[in-house]
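Same chain, two partners: chain A is paired with chain B first, then with chain C.
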Partner chain A sequence: MNRTVLGAGLALALPLLVVLFANLGRDPHAVESPLIGHAAPAFSLSPVDGGPAVSLASLRGRPVVLNFWATWCIPCIEEHAALASAAGRAGNDAQFLGIVYEDEAAQVQRFLQERGKAYPSLLDGDGKTAISYGVYGVPESYFIDAEGTIVAKFVGPLDPSTLEAHLALARGQKP
Partner chain B sequence: MIPLLGRGLILLALLVATVGTVVGFATGGRPSAEGSAWTRRLAFTFAGLMAAANAVMLYALLAHDFSVSYVAQVGSRSVPTWVSLVSLWSSLEGSILFWGLVLGAYIAAATWANRNSHPEYMPYATAVWLACASFFSFLLAGPAQPFNTVFPVPLDGPGPNPLLQNHVLMAIHPPFLYSGYVGMTIPFGLACAALFTGRLGHGFIRPLRTWLLVPWVFLTCAIVLGGWWAYEVLGWGGYWAWDPVENASLLPWLTATAAVHSAVLMERKGILKGWTVTLVAASFLLTILGTFMTRSGVFNSVHSFTQSAIGPTILGFLAAALIFSVALLATRVDTLAPEGRLEGATSRDGMFLLNNLLFVLLTFTVLVGTVFPLVVEAVRGVRMSVGRPYFDAMAVPIGAALLFLMGVGPALPWGRATPEQTRRVLLPPLGGAALAAAVGLLAGARSPWTVMTLAFGGYTAWVTLSEIALPLRQRMRAHNEGPLAAFVEANLRRGRRRFGAYVVHSGATLVIVAIAVSSTMGISKEFTLRTGESAGIGAYTLTFLRTEARDEPHRQSLVALVAVRRGGKDIGTMAPRMNQYERQREPVGTPDVRTFPLEDLYLSILNLDADGGTLSLHALVNPMVGWIWGATALMAFGGIVALIPRREGSVALAGAAATVVVGAAAPR
Partner chain C sequence: MTRLIAALLLAVATTTSARAAETTEGVRAVVGAPRGAPITGPDLDARAKEAAALLRCPVCQGLSVADSPATMAVKMKAEVREMVAAGYDQDQVLAYFERSYGEFVRLKPPLRGVNWLVWLAPLMGLLIGGAFVAWTLRGAKAATPPAMTQVPVGVDALPEDTALVPYVLKVRELAYGWPGGVRPKVERT
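This part shows the complex of A and B:
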């Protein structure tokens, strides 16, 4: 046993592993959105299956989860179940909204018929809403509190626990 | 059907690799011809299964079978066929699958090459290879499964990342990178085998060196191809940014280059066995670290894959491999006793040592700079990045020192040199140094580092060219041959390894000089031009002619046509463009680069207004950048020449062996 080699090897390897491990799960893509802490950009968009337009202003008083998605986006398909069940649990305590990003209404409708529709998905025809929120790619989710302020943004597919944690922020609870 | 077949092949590969690992280690401990044969068979079977799984994926990509999750994720009906092919490695799961293919090919080749030799080492080596193969099969079977079933089957997919569709280099760079990265598994297995058996005989240094040099050549090309891709595609005008992922590919290259050199000393003098084995292990471990860095999502980089669930799994493998390597080295390194010793410090041997120290120092520097942001974030929760100034402050002096050493080392004799000898060999190349520095000063070099790099480059070029000429001159004198015949006989037929090494040195000298010149002596300007307006940069006058819209199946482009004149002479039209890919919101620019013998003219669109009448243009004159690509080809060529096997019993081998025998017999 060569103690020098062992000591030097461990002195190098262990700190490296600790640092890498401590950073696991950190998401360098979750760049702090400049919108966090500010009023959510207003919109008024029509649901994909028809009916009156939904405006953000009309939802004041309840937390809102705004999910930008598309049927061609695999991570969006992955997170669909988590979103649908969380929306079901939240009931009237929070409003979930999908905003369709660069997709066809017909495809979205077929998707929602097959996979279940738990909350309205809105058509953002000219992409203005996505631009005003600074959406870079789908899926992206914004968590808006009852006063209409954006409290968190998440890039990538949501899993149930992340979703709950972010929703708690929007409800005004400390994480 | 296809998803099922793919998953089946991967599970079989996992089974075969795992069994092979066990059989290999068992045979290593209790050697038997039958055990060795079974280990080899399992290695070949693994390679076959991986090839089949990749073939199935390729078929799915080309047939647009969107029921396969990976195809649904990266495939698209609207992309050209070559993009569909390249999609095999353009995204995370596919890249791991492709990794499996390359690993299988390497294992099969190395097993085949040594099927009749080194029976005491090979079972251990194969066992280590197949252990790595088991890990990657496990990744494919679980966390990075590319063959998941998608239902309902989408009609079309988004296509790969537009930056990857933008240039054909993206079809070439990743295979080279994987061949470099994955290939480091082979020398690692051989080094482990040496440690397990407690022997590293002279005969075993050869396969170790060969299998180290093969991935080294690939990695050299890959690093530069990556830089070239960045240069031709990203549009900021540079080729290297000390991005974590770029560093990830550089780190194993640095240790592998050090190992290639220490292996020479090991072969010549019988020393540095433990050190060489450590460097080889480090090169492998750094490739795994690099894999973690590119695929965990922990590092923010233009090149990395998006974050994924496989980060923890790769970190687990890295931890296991690190601890395994440290434990194996600590317990077994003392069994690799030196057979000789180092004589004088002012000798080629001494310079080899110094070279190794500098390479290791540079590795540490880059590693610390790459990981430091993570330390800061973990401790203080602040996001930061280590920028160019840190890396340049460290890498420039070390790089310059290595360049100088590349001249001094080969000039000095082996063993011991008298002061008189030292003067005689070290003074004449100063002529080359003075010449290169003078040329640089005349051409306008003002940065002291650039002038110094040029001087060191001239010094090293002088030594390298005289070393290439030396056997040629001897041969011309002794056999009365013409220069060409003597060159073929002395450098290509006999001293290939030596010649190859000096060709690599020539290429490396040019690369370092070109990097120094291009990063300090360029011109960069930004203009806003309306149609018909002109602007000047360096010797060039640029005139914005008009905008053209071009439609291709997978993208629409706006092309700005810019007429270029140099010294009043029309030298054609350049066409930087903005590409709008289907289903991607942001347009992606493609610069246009015109290469002249001494410099590149580089045009990249900053902004093109909607009606195409006003163009904001970033123009650069980049001296000597083209030389980097050419000189790298020279390095790769040198590496390949050095790899061509020697005829058995040739003069050079007998000489080297004799040195070791004498070294071993010398009284301590």
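This part shows the complex of A and C:
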């Protein structure tokens, strides 16, 4: 009797324990983007400081780094320098784009004047572009290759080496 | 001045409609043409709300897009409404959001693959639990000793030590009223 009860208890508890331990190191909020390996959703958005709208289609042929950010987001401020210097180094080889997430144009302009603007930031007032990319929060960065395919998504602030590694993926280089 | 304002308004209206066309294109690229005809009025309200209630608000904790006041959820609600108005059905709306956010965005997991477990596990738990309870109850029944007769079993036995026998018989005479402490023969009919 006792052995049977023990066996039954183990049979019930073991699968649960396996699931528990297999997922202990996993962040339950980190949902892998289903867009990786697929065509990046198209957009055509106006830059925060005016000028003609920028469309993703017009950037075909160059890798694109798409960074969703806001001035109220502390990690976005942290990664700003890394993004700006990487954009400077990449020059015309890659296009960096910011997409403003739930923020005011005036605030964004002031921020860019103070901290330096290395690439255009686009306004996404109705949030449709953020929705089409599956943005959960900021900062989130998408790395798109020259053919317009999303090769990687990074959640959280980028440091220079992570940024370089992801950009290499977008350039079609093996890590 | 009025003319300037009018020109500005016109410019805003044109860019807005251009953007709407662009979005429709984006939606079309993912889920194709709408399966239904465009709808308006209370029907649109009801169907948009129904679809939004099935979507998880990505910035909340277990809230649907319909129930959440978060800016992101409000924008998603607007997008859902726009899609429903254009004639997209519920499946298409959910599929569009699933394409960018993954299956996680569905509050009700679709019946496919490993998701069947979610629906079947409670039923299986109930069956296994029920079987266990039935098995335990049956075991308990089998282990119950037979009901006590008026006279305990073994009461006729006598101790090996003959010196104790008279005392035992005396106790039985007092306890059970047996003459001489010996059980009287019972006539069975």
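Please note the rule applied: the second predicted complex is superposed on the first by the 145 of 175 C-alpha atoms of A that agree within 3 Å, B and C clash if a C-alpha of one lies under 4 Å from a C-alpha of the other, contacts with A are read in each partner's own complex, and residues count from 1 in each chain.
As a working rule, a residue touches a chain if its C-beta (ideal position, glycine included) is under 8 Å from a C-beta of that chain, and two chains touch if they have at least 3 such contacts.
Remember, predicted model here, so these are calculated numbers, not experimental data.
In the superposed three-chain model, the partner touching more residues of chain A is B, compared with the other of chain B and chain C. By the touch criterion defined above, A:156 reaches chain B but does not reach chain C. In the superposition on chain A, contact is made by A:132 with chain C only, not with chain B.
In the superposition on chain A, contact of A:3 is made with chain B only, not with chain C.
Once the two complexes are laid over each other on the shared chain, residue contacts for A:33 go to chain C alone; chain B is not touched. By the touch criterion defined above, A:41 reaches chain C but does not reach chain B.
Of the two partner chains, neither chain B nor chain C is touched by A:52. In the superposition on chain A, A:102 contacts both chain B and chain C.
Of the two partner chains placed by superposition, only chain B is touched by A:16; chain C is not. Of the residues of chain A, those at positions 1, 102, 127, 130, 137 touch chain B in one of the two structures and chain C in the other.
Interface of chain A with chain B (complex): residues 1-3, 5-6, 9-10, 13, 16-17, 19-29, 71-74, 77, 102, 114, 127, 130, 137, 156.
Interface residues of chain B, counted against chain A in their complex, comprise 69, 72-73, 150, 152, 154, 156-158, 274, 278, 289, 292, 296-300, 306-307, 311-312, 315, 318-319, 322-323, 325-327, 329-331, 333-334, 371, 374-375, 377-378, 583, 585.
Contact residues of chain C toward chain A in the complex are 15, 18-19, 22-23, 25-26, 29-30, 58-59, 71-72, 75-76, 78-79, 97-102, 104, 132, 139.
Note for the complex: chain A touches chain C at residues 1, 8, 31-35, 39, 41-44, 46, 102, 126-128, 130-137.
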